[in-house]
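Taking it in order: structure first as structure tokens, then the write-up.
Read from first to last, the chains carry the letters A, B and C; within each, the first residue is number 1.
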Amino acid sequence: MTTADALAAPPRGAQQGDSLALGRARRRRSDNLRGWLYCAPFLLAFGIFLIWPTIYGLWMSFTGTSLAGTNTEFVGLANWREALGDPQVWTSLANTAWFTVLSTIPLVVVAMVLAVLVNIGLPGQWFWRLSFFMPFLLASTVVSQFWNWMYNPQLGLINTFLGWFGITGPAWLQDPSTAMIAVVVTTVWWTIGFNFLLYLAALQNIPDQLYEAASLDGAGSWRKFRAITLPQLLPTTVLVLVLQMLASLKVFDQIYQMTGGGPGGETRPVLLYIYEVGFTGYRLGYASAISYIFFFLIIIVSIAYMVISSRRSVKA
Amino acid sequence: MSAATPTATTLSPAVPSVKSPALSTAGRRRRKTTPARIVAFVILAVLALAWLIPVLWAVLTSFKTEAEAAAMPVSIIPDSGFTLKAYLNVLTEGLVPRWAWNSLLTSTLVTVITVAISALAGYALSRLKFAGRQMIITLIVASIMIPGQILIVPLFNLMLSLNLVDTYWGIILPQVVAAPMVFILKKFFDQIPFELEEAALMDGASRLRIFWSIVLPLSRPILGAVAIFVFIGAWNNFLWPFIVVNDASLMTLPTGLQTVISAYGIQYAQNMAQAVLAALPLIVVFMFFQRQIIKGVATTGIAGT
Amino acid sequence: MQGAGALGALGGLGALSGCAGTAARAADDIAFWHLLSGPDGVTMGEMLDGYMATEGAASVKQTVLAWGAPYYTKLAMASAGGRAPDLAVMHAARVPGYAPGGLLDEWDIDLLGEFGILQEDFPELIWDKMVVDGKLTDIALDSHPFVLYYNTEIAEAAGVLGSDGLLMPTDNPEDFRAMALELGAKAPSGYGLSFGYLGDGSNQWRMFSTYYTQLGGTIELPVGKKMVYQEELVIEAAEWILSLIDDEVGNPGHDGGTAISEFATGGSGAFYGGVWESGNYRNQGVPFDMTMIPGVFGEPVAYADSHSFVLPHQMDPDPERRRNVHEVVAYLLKNSITWAGAGHIPAYSPVIEDPAYADLVPQSHYADAVDHLVYDPPAWFSGSGSDFHTYFGNDMQNVWARRTEPLEGWNAFVARINALLLKPTPM
């Protein structure tokens, strides 16, 4: 922002005269009005559809509001107390965390591997990017339909393939021991393109001179990778890691579509539980309380990231 | 100060942003074929195949007859040959064309409105030193931390009282609030030298005119990037349209596909045909605009996630 | 109360969007939602085609949503939004939890009379369920009990058919088990009975509710208090069910799909399921008949629910369209002999009393079930595909899979239901 301020107030010689200074003062006054006017459309939408629901949701968490609009009276901390003592809240939070761990690791590591391999400059660049990035452009529903079909116990390609080797594959999405893994595999397939792209961009921003200098020193490919590529990718890795964690914590679509949270709640993330409590169970007030507990956890993750990243920039 | 700060460097027109990957690889020196490169090529080819198989399998199924799609043992190439029947059924009987239209309409409106209001606000925050500016910036940056998903409950209740449940506007309006995009655009405008505008101001041009005829043309790349990112997000958005729309004729492609089922039992080939049709528009667009899309997603995506 | 003042700016917008969707449709264009897929969906489609072929008929567009929670969630949200479909199907057991919230509109009894549908056309028991808080809230189309299917060829080979060609009656657990074992001895899979429960709370509940009630058990769900039940009967029922999936009489690890395919391919002797599966089996060509679940502990009581027509709440319904909706429902009731073809027992008495119904086989073999039905205990969270069923499945699945003791699973279930009972009814 410092650069912006410097540019916005361009240095001018005093010899330009008082008339200009006067004009600028007048302009500043009208800027007040104009500034708010230009921001107004955005601020209106921002206020109504983001700020207001955030506040109103907090209020709802202290009421018994139902889907039919009844029971809007204040119930104090009852919803919060219930949520903190509701084992389903904790198992769904635990499922969310577990999903985040299981999905984030491959989504960072595999994305980096893919980007490094593609960045070698092998022929077929267009094709590699298409293959790995394209799934990211698909709607969750499409992805779920594709993978439900892959995982189909009798008719799916995966169990058909296993069958060729005499292996009877499980009912991937219905079996408690495989359902979460199956959802994670789908998620990795679907969203890796984004991280892949960030890594690719970062790789291409590493100056060639670094590698050339290393070559002169007689470093092999592996040493160059360890000594140059990995450290240069560190900022991107931190960024990708955090973005991925925040994205994985908000998982809903593919789990709702593929397992519905089952079998027996094994894959149900907290957003799905909020949906079930609020819309399937009609209890909007209680669902709001759970939403806010989740919100606070996300804020903690975000703050942790900020602390880490600011510490890093101080060092740098 | 903000979670979005790291992006700023990638965005400015002055600092080299994400280099166009296609260009930069072309610029690289050709290397000799070494055993290591052959191994890398094979690994990459296997991985790419693994990534394409789910799509190919779905496409293959969509060209089978229903009987063949559900036949055991599973055949890769059906005995009875391929057929377009599933596609014909989907296009003539179901609501898929209607959903595609709804998706196009709502995504386009979301994109246009988002870009318009974000650019205007971003410009004001970048150029006009008005009272309250800093407060607005702080508010916008802080709001990036609010995960929109947790707002589904109060937002649905709000839509009830605004009478917007089961309407197009109900789908569109909550999606036009994109605080990160305002921030990205402001950062971009910050980097445009002020001298250009200063001259026009001295000539008595109005702010709005300067914005329209000087700033916006200079910002075409970033506007394109923001538009692409917003459009993809809106086109593929599931959760919000799923919450706010119950009427099948107002659903978008992703929600319709998930919610409405066939009265005539599970029809695998038709399901796959629907999914392939829903995937097709963005994939075709991607094939034509690969470079722009990759750049747009990489530049804006970081802050937009 | 939502700070409408601050939002006043959007007033115009609301008006603008009013044009989209439901409001714009003509009075003879009816949106009809239901959760009937497979053979049921085909039958409903045929009946609607029949209606639309009549003189001056409105056009009915059906939208089919996935059975259970997804359907009821969408229906409730649409009703809350005031732009709901014109007509919908609900399970009768879910109506009491739904109607008091104002999500359903009332049927016009005079208008129905105009189209020839009268109160006396329904059995008293069913009519009572149709009236909630003194208002005619749902119109029952059928009742669909849980029944016993049996493979007639296997049964004949096992010698368990009577001289009338029907399964020999059994009235105590020992005889029933002996019969199941004899069926199993002649069945290719070696199992006399198929029962699918994995991942399907509703089916577990249907089975449990059937035998628990036969044992004389009752369940009450009083709001603000604790669930009332008889513990020793719960254990007895659970142990009886376990004895049927003991790997001797029946496969211990079936889900709905595998149980159905076991019976459909002629693998097992008998199958526990809802009447709605009969269409599937007929299509598959397996030789089968159906019977009420034998009353091995007393009366042959069986779990049931009803498909009912409801008017989801609309903010300002078009009277002309409402009139057409009444006409559609009247037609469907009068022609519900077609619906009986899908296995359901019609609720509209004139159809049942018609000789044509007595000629339907196997439907007439379980028609007496209507006198021995047990519906879900009324509560805002019970009924087909409800949380009550889901929770039952969550906690009891481990019992059926022999990972926990019956009482342990049951107590976990009761604890969750008690927690729900302590909440104020959201509707």
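In the analysis below, a residue touches a chain if its C-beta (ideal position, glycine included) is under 8 Å from a C-beta of that chain, and two chains touch if they have at least 3 such contacts.
Model, not experiment: these values are computed from the prediction.
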item: A-C or A-B - the one linked by more C-beta pairs in contact; value: A-B
item: Farthest chain (mean CA position) relative to chain A; value: C
item: Chain A-chain C separation of Cα centroids, rounded to whole Å; value: 41
item: Between chain A and chain B, centroid-to-centroid distance (C-alpha), Å; value: 14
item: Residues of chain A engaged with two or more neighbouring chains; value: 48, 52, 56, 69, 279
item: Two or more partner chains touched - positions in chain C; value: 2, 7, 10, 70, 77, 80
item: Touching two or more other chains - residues of chain B; value: 156-158, 160, 173, 243
item: Chain B residues touching chain A - in the complex, by the definition given at the top; value: 3, 6, 10, 16, 18-19, 21-22, 24-25, 28, 31, 36-37, 40-41, 43-44, 47-48, 51-55, 57-58, 61, 69-70, 72-74, 116-118, 120-121, 123-133, 136, 140, 143, 145-158, 160, 173-174, 176-177, 179, 182, 187, 190-191, 193-195, 198, 201, 207, 232, 235-236, 238-239, 243, 253-255, 257-258, 268, 271-272, 274-275, 278-279, 282-283, 286-287, 290, 293-294, 297-298, 301-302, 305
item: Chain A residues within the chain B interface of the complex; value: 1, 3-4, 7-8, 10, 27-28, 31-39, 41-43, 45-46, 48-54, 56-57, 60, 65, 69, 114, 117-123, 125-142, 144-147, 149-150, 154-157, 160, 163, 189, 194, 197-198, 200-201, 204-205, 221, 235, 239, 243, 246-247, 249-250, 252-253, 257, 271, 274-275, 278-279, 284, 287-288, 291-292, 294-295, 298-299, 302, 305-306, 309
item: In the complex, chain C residues that touch chain A; value: 1-3, 6-7, 9-10, 69-70, 72-73, 76-77, 79-80, 101-103, 198-199, 255, 380-381, 387, 393-394, 397, 419, 423-424, 426-427
item: Parts of chain C lying in touch with chain B, wherever the complex brings them together; value: 2, 4, 7, 10, 13-14, 16-18, 20-22, 31, 36-39, 41-42, 44-45, 62-66, 70, 74-75, 77-78, 80-85
item: Complex contact set, residues of chain B against chain C; value: 156-170, 173, 243, 246-250, 259-265
